[in-house]
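Dumping the structure here so I can ask a few things about it.
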Amino acid sequence: MTTTTGPSPSPEAVAEIEQPMRQARLPRWTPWASLAAALVVALLVTAPGGRSLGGVVAITAIAHLVLIGVLSAVREGSRRAKDRIVTALVTIAFGLAMIPLVSVVWTVVGNGLARFDTTFFTWSMRGVVGEGGGALHAIWGTIIVTLIAALISVPVGLLAAVYLVEYGAGSRLAKAITFLVDVMTGIPSIVAGLFVAALFVIVVGPGTKLGIMGSLALAVLMIPTVVRSTEEMLKLVPNDLREAAYALGVPKWRTITKVVLRTSVSGIATGITLAIARVAGETAPLLVTLGITTGTNFNPFDGRMATLPVYAYYQYTQPGVPAEAGVERAWTAALVLIILVMALNLVARLISRLFAPKVGR
Amino acid sequence: MAKLIDVSDLNIYYGDFLAVESVTMTIEPRAVTALIGPSGCGKSTFLRSLNRMHEVIPGARVEGKVVMDGQDLYDKDVDPVSVRQHIGMVFQRPNPFPTMSIYDNVAAGVRLNAKRMSKSDLDDLVESSLRGANLWTEVKDRLGKPGLGLSGGQQQRLCIARAIAIRPSVLLMDEPCSALDPISTLAIEDLIGELKSEYTIVIVTHNMQQAARVSDRTGFFNLAGVGRPGHLVEIDDTSTIFSNPSQKSTEDYISGRFG
Amino acid sequence: MNRTLRRAALPAALALSFGLAACSGSNEQATTSGSGSSESASESSLSGDLSGAGASTQTVAQQTWAAGFQSTNPDVTVNYDPVGSGGGREQFLSGGVPFAGSDAYLKDEELTTAQERCNGGNAIDLPVYVSPIAIAYNLPGVADLKLSPDTIAKIFLGQITTWNDPAIAADNAGVTLPATAITPVHRSDDSGTTQNFTDYLHTAAPSVWTAEPAQAWPVQGGEAAQGTSGVIQAIQGGEGTIGYADESQVTDELGKAQVKVGDAFVGPTAEAAAAVVDASPEVEGRPEGDIAIKLDRATTAAGAYPVVLVSYAVVCSSYEDAAEGEMVKAYMTYITSEEGQQAAADEAGSAPISEKLRGEITTSLELIK
Amino acid sequence: MSSTQTTRPDPGGDRAVIETGTKRAGDTVFRGTATGSGVLILLVLAAVAAFLVGEAVPAFTADPAEIEGERGLVAYVWPLLFGTVLAAVIALLVATPIAVGIALFISHYAPRRLAQGLGYLVDLLAAVPSIVYGIWGITVLSRWMIPVYGWLAEQLGFIPLFAGPASTTGRTILTAGLVLAVMILPIITALSRDVFLQTPRLHEEAALALGATRWEMVKYSVIPYGRSGVVSAAMLGLGRALGETMAVALVLSVSNVVTFNLVSSTNPSTIAANIALNFPEASGIDVNVLIASGLALFVITFLVNFAARWVVQRSGAKA
C-alpha cells in the first residue's frame, strides 16, 4: 500500500499546534483574591455618592471580571483568560438570578408566617369577617381542581406525545398536531378561562361557576406543556433500545410502555411537575371560571369552589377594614400554595429518582 | 433445533429506492453464514430483512420469499412480531436496557412478552442463557447490578444471552465485534463457535479474517456503483470463497485490491 | 404508566375520598351542627342558597351582611360574586341571580327587559351602600389639605404639577407647601369609584373637567393602579402622590383632603356622606318602589360631602319561586336595618343610610311578594 | 474459554411453526388511543379558535364610536399589542442570557453535590404562582427600582428610553418586564439545564481530549448540542411572558399610549393585563372588544412560536 505524501505543514504551523506541556498557571486562590480586590474598589468608588447595595454589587462584579481577565491574559494566555472570564460570568449570572428569587421567597415566607396557624388550616371564611378565618376551603379547592386537571391532561398529553414520536412521526397529522400544540402553548391563560366560562354559559346557563370548569381551563393550559416535554423526552430515548426490544419479538405497544416510557419516565415526571406547578399558580382562568366562595365544597360538579390563588387575589385586593387581616391572609395563602406546589415537586422528584435508568453520568 | 432458511428472489426497498436486488440463497442450519462486502452494499439491510426488522423503518418494504421450515416469513397473515421471537438479533453497539439490572436484562425477552413463568424457571433460564453466552462465571454474584455497568465485551455477551433467552432458532449478528477490543472479539468468536452447534447463525462483518475464522459459508455482496442497488455476487463454502472464488469481483475484494 | 404507579394511585384515591367528608372548615361544622348563635329568637324557616353578583365595591359589605344574615338564618348560604356592576346587572336580567349589586341604577331599557324577568312585576333599585370617596394624598408635614373642585380637576388633569402651586396655596392660607412634584393616581381597572369621582369633577368643575363621567379613567398620563388597594399602595409608595379611594381603605399615615362645598370645607365623614344623599332629589318617572337618587354633586348644603359613591341592590318586585322572593325580602330587610348598616359601617367603612332613606326603602320592600 | 458444562436452553425445538393470526389487538388499541388523543387536541383547539373568532367578530363589525376611546378597534388594540410585545421582549432579553448562564453553571461548573441542590431550588422557583410575583413586584421590586429610575432619568435622560420625569412609584413597563423575567427565568433554566445534561459524554470528552479549556468544551460540544433545546425553552418562557395576566395587572401603571419610555409612569398596558383589569366590569360590546384583543394576543403568540420553531429547524436538529 503506497502512502502518498501530501504537502507537510510549515514549521511555524507545527510549533503553533504543539502546545508546551508546562504552562505558567495562576495560583488557585487568584479568583478569590481578585474578587476581594474588586470589592475594595467598589467600596471606594461608591463612598462619596452614598452607598446603594445594588450599586456596590454591580461595580464589584464588573471590576472582578476585568481584573481576572487581565491577570489571566497576561500570565496564562488568552484561551485560559477567556475560560476564567466565562467561569466568573456564569457564577455572576447565578448570583444575579438568586437575588430576586431569594427575595421573593424571603418576602412570602416573612409575611406568610404571620397567619400560618392552625385556624388558617382548619377554618374556612364562612361567617368570618375581619380577623381570624382561614383558607381550608381554598386549599381543598386547589388540590381538587389541580388534581382533576392533571387527571385530564396527563393521559391525553402523554398519549398524544407517544403518537407524535412513535406512531405518527413524519405523517401529515403528526405535523399538524405538533404545529397546533405550539399554537396551544400560545393560548393566554385568561383566554382559556374565558373559553371554558363561555362554553358552560351556553351549555349549562348564565352565571354558572363549577369546579370542573376550573379544571378544564387548567387542563387546556397543561396539555401543551405535557405534550412538548414528553415529546422531547421520548425523542431522547436512543433508537437501539427500541430495536433491541423489537428484536426480542416484543410488540410495538409493549415496547413503548415497558421500555421507552420506562427509560424516559424521570424526564416525563419532571415535565409533568413543571406543567402542574405552572398551572397550580394560575389566577386569571380560575378567577373567570370559579369566582370565590366562603364555604368548603368538595363536589366539582355542583356549586362554586374557592382556590388558593383566587383567594389570595381577593384577600389582597379587597381586604375589608382593617386591611391588615386580609393582606396577612393573602400572604399566608400564597405561602401555602408554594408549599403545596413544592411538595408536588418533591413527589415527582422521588418518582423520577425511583424509576431513573440505573446509570451514573 | 436450528432451522434452514431458503431465500428466493428477495428485493428490498426503502420507499421506492431499491436497496438490495434479487437475492437467492440458502442458509444452512447449525452453521455460521458470514456476509461480507463493501459498506453500502446492502448486507446489513439484507440481514435485517430476515427477521423483518427492516419494516420498522416507515415506508420500507420487501418483495420475494423467505421460507423457514416450510413457512414463508413474508406471508401476509404472518405477524412480524412473532417472526422476531423465532429469529433473534444482536446489534453492532451493545444495547442492554439502561433501566434494568443484568438479571432483568436477560429475562426482559420473556417478561416483556408477558409469558407467565415461575421465579425458579426464570432463574434457571437466566442462568442457562448467561452460561450459554459464557458470561455466567463473571456476573453470577452481581446479577442485581445495572446492565450498563459491565464492560463493552460483557455487555455484548449480555445482549447475546438476552437474545438466546427467548429460545430463537436463528441468531442474526450485525457486525457484533466492530465496537469491541480484540480480546472481547475473540471471546465473542469462540462463543459463536459454540453456539453454531445449536443455532443457525448469520453474521455480517467487515473483518474478513473474522469471517474466515468463524464461518462455514460466506456470501459476498457487492454494488455496481454509488446509489445502485446491492446484489449477492456469490455464496459458497468459506474455504472456497477465500481460496478460489468463482467471480472476479470477489477475487478483487478478497485480495483487498480496491480496499 | 407502568403497573407500580397504577397500583399506588388506587389506594391514594380511596383514602382521599374517605378523608374529604370530615375535612370541611371547623367553623362550618360548628354552624351545621346547630350550635349557631343562641340569640336568634325565632328559628327562621328560611333555607337554601341565595347568590348575588355585581359591583366589587360592595364585596366586603356583602360578606359582612352574609355573615350576619347566616348567623340568624343558619340554613341559608349567601354568596356574592364581585363580577362588577355590568356583569351583575347582566346576570340579574338573564335570571342567573336573584339580586345584583350595581354602582348605577338600572337604565330605562334595562327596566323594560326586567319586566318579563321579574315574573310580571318590575325591578327595584335600593340604595343600600353609601361610601364617601376620600381624596387621599401623601405629603409629609401637611395635615388637613383644603382643595376647591377646580383645583382638584386641574391636579388630576396634570395642569397643576407642583404642590406649592398658587391655586393650592390660595385654599390653604398659612400652610407651608413643599415644591415636590404632584403624581396623580387613578384606577387602571373600570370601577364604580372612578365613575362617581369623574361625575363629581364633571358637575362641580364643568369648565375644567370637560370629559364625561365614565368607569374608565378618561385622561392620559399620571399613575394608574389596579383596584382600591393598588391605588392606596401607589400613594403610599411615592411622595407627593394624590389619588381617590373608598374612605374606609385609606390608611392613617395618608392625609384626606377637605373639599370646598359652598364656601366651607368638608372632610369625608359618614355623616357628611349621608347628608348629601338626603339633600339629593330622586329621579322621576321610575317604576313603583324604585329609589334612584340623582346625586347633587354641586350641592352647597352645609356639612354635605359630595364626593360619594352610592351603590344599589337590584331586586324584583315578584319572583316565580315564592321562597326565593321571601329570602330576598328578608335579606334586604336585614341589610337596610339599623343593625345591618352598622355592621357594614364597622367592617366595610360605609356610611349608614339615614332614617328618612330607611323609611322609603322599607315601604318598597313591602311590595315584594 | 470454553465453559465446562454448556446446558443451553434448547433453541425453539418444540414450537413447530410461527403462529399466524390476526394483527395483534394490543397494537391497534394502543395506536388508536394515541391517535385519538392527538385528534382530541385538534378538536379542543378548534373549539377555542372558533370561540375566539366567534366572540371577536361583533367587535370588528361594530362602528368605531362604540369602542372605548371612540377610535375604533385597531386604535384600541394596537397600544396593548405594543405593550405586550415590549414587556415580553424585555423579559426575554433579561431572562434568557441569565438562564443559560445558570443552566451552564448548574450542569457544568458548580460542584456536583451543590448542583443537585441548586437544580432543585430552580425547579421550586418555577412553581411560585404568578399572583405572588405580582404582589412581590408591587411591594418590593418597584420600591427597589425607584432610585434606579431616578438615576437613569438624570444621567441618561437624553436617550428617549429613559427620558422624562422618572416614575415616583417605580411601576413602569421595565419593572413589569423584570417581574416577567424573574417569572420565566426558572422555566428556561430548568429546561436548558435538562438539555445541557443530556449532552452525550462522548462529545464533551472528545473536546476535552483535544486539550480544550472548559469554556471551549462548552462552546464546541454543549452549546451546539443544546441550542435547539434552549430556543424551545426560551419559546416556552416567552409564551408564558406574553400571556401573563395578574402579575402585570398589579405591577404596571397603565395608560392607552405607545411609548418606548421605560422609566415614566405612563406605560402601554398589555393585552392580558387589560383583559384582567376590564373584563369583570365589562358588558355588551366591551366583552367582544376584549376577546378580540385576546384573539390578537393569541395570533401574536402563535407567530412568535412559529418563528422560533422555524429558527430551530433552520439551525439544524440536535447532534
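Each chain carries a letter (A, B, C and D) given by its place in the written order, and its residues are counted from 1.
Note that contacts are C-beta pairs under 8 Å (C-beta built on N, C-alpha and C of every residue); 3 or more make two chains touch, one makes a residue touch a chain.
From a predicted model like this one, the values you see are computed outputs, not experimental measurements.
**Q** Starting at chain B, how many touching-chain steps does it take at least to reach chain C?
**A** The distance in steps between these two chains is 2.
**Q** Touching chain A and chain C alike: which chains?
**A** The common neighbours are D.
**Q** Measure off the straight-line distance from the CA centroid of chain B to the CA centroid of chain D, and report it in whole Å.
**A** Each chain reduced to its C-alpha mean, chain B and chain D end up 48 Å apart.
**Q** Could you grab the centroid distance between chain A and chain B? Build each centroid from C-alpha atoms only and quote it in angstrom.
**A** The separation of the two C-alpha centroids amounts to 46 Å.
**Q** When the C-alpha atoms of chain C and chain D are each averaged to a single point, how far apart are the two points in Å?
**A** Here the centre of chain D sits 38 Å away from the centre of chain C.
**Q** Measuring centre to centre with CA averages, how many angstrom lie between chain A and chain D?
**A** 10
**Q** What are the residues of chain A that contact at least two other chains?
**A** 251-252, 254, 257-258, 262, 316, 355
**Q** So which bits of chain B are touching at least two other chains?
**A** 81-83, 85-86
**Q** Specify, in ascending order, the residues of chain D that touch 2 or more different other chains.
**A** 24, 139
**Q** Taking the touch rule as given, give the residues of chain A at its contact with chain D in the complex, in rising order.
**A** 19, 52, 54, 79-80, 82-83, 86-87, 89-94, 96-97, 100-101, 103-105, 107-108, 155-157, 159-160, 162-164, 166-168, 173-174, 176-177, 180-192, 194-195, 198-199, 220, 223, 225, 227-229, 232, 236, 251-254, 256-257, 267, 270, 273-274, 277-278, 280-284, 287-288, 308-309, 312-313, 316, 330-331, 334, 337-338, 341-342, 344-345, 349, 361
**Q** Within the complex, which stretch of chain C touches chain A?
**A** 1-2, 5, 20-21, 23-28, 31, 49, 53, 56, 59-60, 63-64, 66-67, 70-71, 77, 79, 81-83, 90-91, 94-97, 226-230, 232, 248-249, 251, 343, 346-349
**Q** Could you please specify the touching residues of chain B with respect to chain A in the complex?
**A** So the residues of chain B touching chain A come out as 51, 53, 56, 58, 81-86, 88-89, 91, 93, 95-101, 108-109, 112-114, 146, 148-149, 159, 162-163, 166.
**Q** Would you tell me which residues of chain C are touching chain D in their complex?
**A** Touch list, chain C to chain D: 56, 82-87, 89-90, 181, 183, 185, 188-191, 215-216, 220-226, 230, 233-234, 237-241.
**Q** Once bound in the complex, which stretches of chain D touch chain C?
**A** That would be residues 68, 138-139, 142-143, 146, 165, 167-171, 249-250, 252-257, 265-266, 269, 277-278, 280-284, 286 of chain D.
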